[in-house]
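In order of appearance the chains are A, B and C, and numbering begins at 1 in each one.
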Amino acid sequence: MAEKATIVTGTVGQDSHVIGIKLLSRYLMEQGYKVIELGGLTPAEEFIKVAQETAAAAILISSLYGMAELDLAGFKEKCTESGLGDVLLYLGGNLAVGRHRFEDDERKFKGMGFDRVYPPEVDMAIVVSDLKNDLKAKRQA
Amino acid sequence: MGNVRLLIDFGSTFTKVVAVDSGKGEVLARSQVPSTVEEDITIGLKQALEKIDAAAHTGPEEEKEALACSSAAGGLRVVSIGFVPELTVEAATRAALGAGARIVGCYSYELTSRELTEIGEISPDIILLAGGTDGGDKRVITHNARMLSRLDLRRVYIVVAGNKTAYDGIREIFNTGIKNVRFTKNVMPEIGRLETEHCNREIRDIFIRNIIEAKGIARARAIVKDIIMPTPSAVLAAAQLLAEGYRDEEGLGEVIVVDVGGATTDVHSVAAGRPAHGDVIVTGLPEPYVKRTVEGDLGVRHNITTLVEQLKLRGRLPDNSYAEAIEGLSAVGRLPQNAAQYSVDTMLATVAVEVAMERHAGRVEIVYGPMGEMAVQRGKDLTEVRHVVGTGGPIVFSRDPGAILDAVLFRETSPHILRPRAPRFYVDTEYILYAAGLLAQTEPKAALALMKGHLTRYKPAPRHVPAVT
Amino acid sequence: MEITVRNKKWEEDRFLNERKDVLSRWPTGKEVDFEEAVEYHKGLPDYKNFTRVMQKLHREGRTVIFPRGGTPILEQEIELNKALFEAGLPVIPLTPDSYCRLGQYAKAQQGLEASIKAGQPKLNGYPTVIHGVPNTRKVVENTEAALNQRLTNIGGIRLMAEIAFASGITAALVDPLLTFGWYEKKTTAAESIEEYQYIQRLIGYYAERGVTIANDTDGINANLQFPMSVDIASVIIVGMLGAEQGVKSVIPRISMFGHLAQDIAWARVLRKLMREYLDKFGYGDVIVPGLALDQVPLFPHPQDTGMSFGFLGYSATVAALAQGEIVYVRTIDEAAGIPSKEAHAVSYRAARFIFDVIRAQKIDLDIASIKTEERITELEVRAIMDRVLDLGDGDVAVGFEKGVQTGAIDCPLSSNVNLKSKVLGIRDNQGACRYLDFGNLPIPEEAREFHREKVAEREQAEGRKMDLNAVIQDFWAFSKGKIKGEPASRGYNRPRGGFS
């Protein structure tokens, strides 16, 4: 079997919530992935730099304080410019402030170039199975 | 050589000369003759110098030391190419503008054959090729280099300022005609960082060494010392000196220069542009401290139709009573002849300045975050800039330059556009900004004194000042 | 990297040198007049001195709520404190805004100006440094309760402490290890200790002139179900660090995690060992006037008022049973937004009912499960303290930093990158917190055996292995009103909350 992919994880922006993404990171490690944890308060640019440096296959971003749209404006474009056009981008958390429907968030962030968008209480098993499938599809492409 | 300095601008329509006393910072004489760049640039230059020599008692001794800038023969025409529009294309465009260029084309992603043909037809002086951060994407810049290698490289210069890890491959692609291909530092070495200085220098170097030669401007070297920069660079240099001062001679502080012309309206700001108030989040590409924007659709002669539309849109041209006057001004080089034309000219310049400033200034928008409202700023906050200088014929020769400059002001009706709130206005009545920029290269103190002495402080009439709270 | 911090009282020269710099960081630093402040403190009535209020609560066998507070506009801050006092609260925090905490005073000033202009808060707290001594003293003058300046983060707090104490505030949260483990991402424990030693030395400087300012300490804290032994050890260490700098009054705090026996046991062990270690290391003159309990850091879904009341009731009950003097409680709708005056009042009335009824019974629970938890916790805390002292060759500052580096000090899912975060916690079959992964913690074999057995018991009862999935389920359970996660009915473990 091929070596498991490298995944970069963290919470973006001025957001210090880390429990969920830390649990997810640990879960991914248990599944055999190489996980680079950037933790809380991570600038969007740092995800890109670390992904370049580690030849990551996916970036998993968490945002819980509702500012994801601002923190991640142009993120896909920045990835593209940085040679990370093929890197999978996953995003999850509370993606807007106030009352909002997840479906709207999902549409918006997929429109911004994210491959997968999740609500905060998502099954981690689903995230991992999506990741497995997406990585496989990418290898075959 | 005494204290007299001759400073020359080879413009697209006029060749202008100013004689200044660098010891006193005074203008001794000015002259202006139609440009003769099409046949022989030296013909017009000699005519202009004759007038000056008579008035300022100068001769070959001063002429040999004269410095010039040029925007003749189309100026410095640059096509900028990058990868993502908001990132390296924007970075390359800013770098070129900062080097005094006119942007004649802008391309993103992989160039198509059709775009390549287009570039060939545009026939720019320089192609600025960016794309990818250092260590980032190299596929696109390499593809674009391969496409560009099909052009006739004897007729164009290529400045490569992209992902350095692609350079070796690009060198191989261009192995013929390598003389015209220059490699400089990446304009965007990493996301969120612009580095335009090296690129600027390279562009200007090509301009001085090669482009003016090709355009016949270099012939002027038979008479004057040298052509050292494109005219917009001279204006930028002047603006920066005026803002910063030189050694113990204080500058004014942050400055905006608005330059209205027949073909474009340019805005230069020498200002950090950081939020004037706390708790504002700044986003987008980092803003250069010295920033130049060029609005190619806001020339008061070339773009009369656009400007008239803008005037109508803003309810400033209610009927057709000015139709005749507008018609009369619709050719390049026309100066207003009667009262109606003067009014129209002022209106056109006003709306050009208003729109150009709207585009140059940053914007703030309110977003809702976990702590309540948050302000997000894109571009430069210029609300606290205290000095605005107007230059260019339509302002300088206007009967009401204050009305035109008022158009730069912050408006309570659109508070999200971060234009200056309460600046002082100055008018470049004697056309000395370019001259000061040239003089600044060798005698900055004199150049500063020249500007301080010869920019006319314009006190706006109270009726023009919108309510500022 | 060489560890330069030491648990050693700062020479007066060093302190006074740094003090010059601290007081020059913002113009209000000039308002600090130490001698005048000493006289002012001495003239304050007992009910404005945090230590004395705690002692009185202890004597009278009372528990009260320690609320949340701190709003930027002076008049509103005074108004808020009046309302809290009228609701029966004798101790009130002064929580600063984030900018001041981080030392971004210019931004705090702009935020204060904007608040005043708008007539409503544009900062998330009271900008002590910007208000300066005259304004903050107005807060002290107009508040009939004892105030406590909250100090967290790095960068802005030294000057904040100066202004607060000079204004007559008699207590502060001064905890380098809380800031290290909870607020900072990259700062080391050693750096944080050094930052806060200044403040503890300042408290000591006041103490030398006979002014008692209390130092409350929260410890390194965990944000996931986990036995509190590391936290208790770190609270004790902060107490010792303070005592060395001359602090004379230490108020320890402990978090509850929802298991009644453990929550009470932890409170008891902390109170006992704090005293013991202070005495043992020559700080016998340092008093511990009272104990603070904090609610479970996993709180219920904010929109559910009923659950919020239940949660508040649990916190109040345990605090009363553990005989704590103060308890941190959120009002019933705080998580849903800024609480209304009515929400404050109704929450405090509910808690007071519980306090009054329980504390009047002078009940001293003597239950086997509490005794067991006390014994195990004490065993662990002593072992951790021994290891820290060993690593630091008797110096707890050095030992703590080395403990972090070696994983002898650790906590799960920490936001600070310096902590190894190798450890994990899980609930046992009764809902008590156990280690699932001991990491490199120096837990004695007897305790390990105890935890393993308890975890095995649950594994047997539920017929599944306790793994990361179960940890995650436990994490979510409490906010749904359950003490432990339940295996999914579909026979498929569905770990949730990957982006929470």
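The working rule: a contact is a pair of C-beta atoms (placed from the backbone, for glycine too) under 8 Å apart; a residue touches a chain by one contact, two chains touch by 3 or more.
Just so we're clear, the structure is a prediction, and the values are computed from it rather than from any experiment.
Undergrad: So which chain ends up in the middle if you average the CA atoms?
TA: Minimum centroid-to-centroid distance belongs to A.
Undergrad: Taking each chain's centre as the mean of its C-alpha atoms, give the chain farthest from subunit A.
TA: B
Undergrad: Could you work out how far the Cα centre of subunit A sits from that of subunit C, in whole Å?
TA: Taking the mean C-alpha position of each chain, the two centres sit 33 Å apart.
Undergrad: Nearest whole angstrom, what separates the Cα centre of subunit B from the Cα centre of subunit C?
TA: Roughly 58 Å separates the two chain centres.
Undergrad: Mind checking the centre-to-centre distance between subunit A and subunit B? Centres are C-alpha means, answer in whole Å.
TA: Centres of subunit A and subunit B (C-alpha means) sit 42 Å apart.
Undergrad: Taking each residue of subunit B in turn, which ones touch at least two of the other chains?
TA: Residues of subunit B never touch two or more of the other chains.
Undergrad: For a test of understanding, state which residues of subunit A touch subunit B in their complex under the given definition.
TA: Listed in rising order, the residues are 45, 48-49, 52, 65-67, 69-70, 73-74, 77-78, 80-85, 97-98.
Undergrad: Quick check on the complex: what are the subunit B residues that touch subunit A?
TA: Result: residues 83-84, 86-88, 131-133, 135-139, 163, 188, 190-192, 281, 283, 367-370, 374, 376 of subunit B touch subunit A.
Undergrad: Help me check something: in the complex, which residues belonging to subunit A touch subunit C?
TA: Residue list for subunit A touching subunit C: 16-24, 26-27, 30, 39-41, 62, 64, 92-93, 118-125, 127.
Undergrad: Please give the residue numbers of subunit C that touch subunit A in the complex, ascending.
TA: 183, 185, 223-224, 413, 415, 417, 421, 467-469, 471-472, 475-476, 493-500
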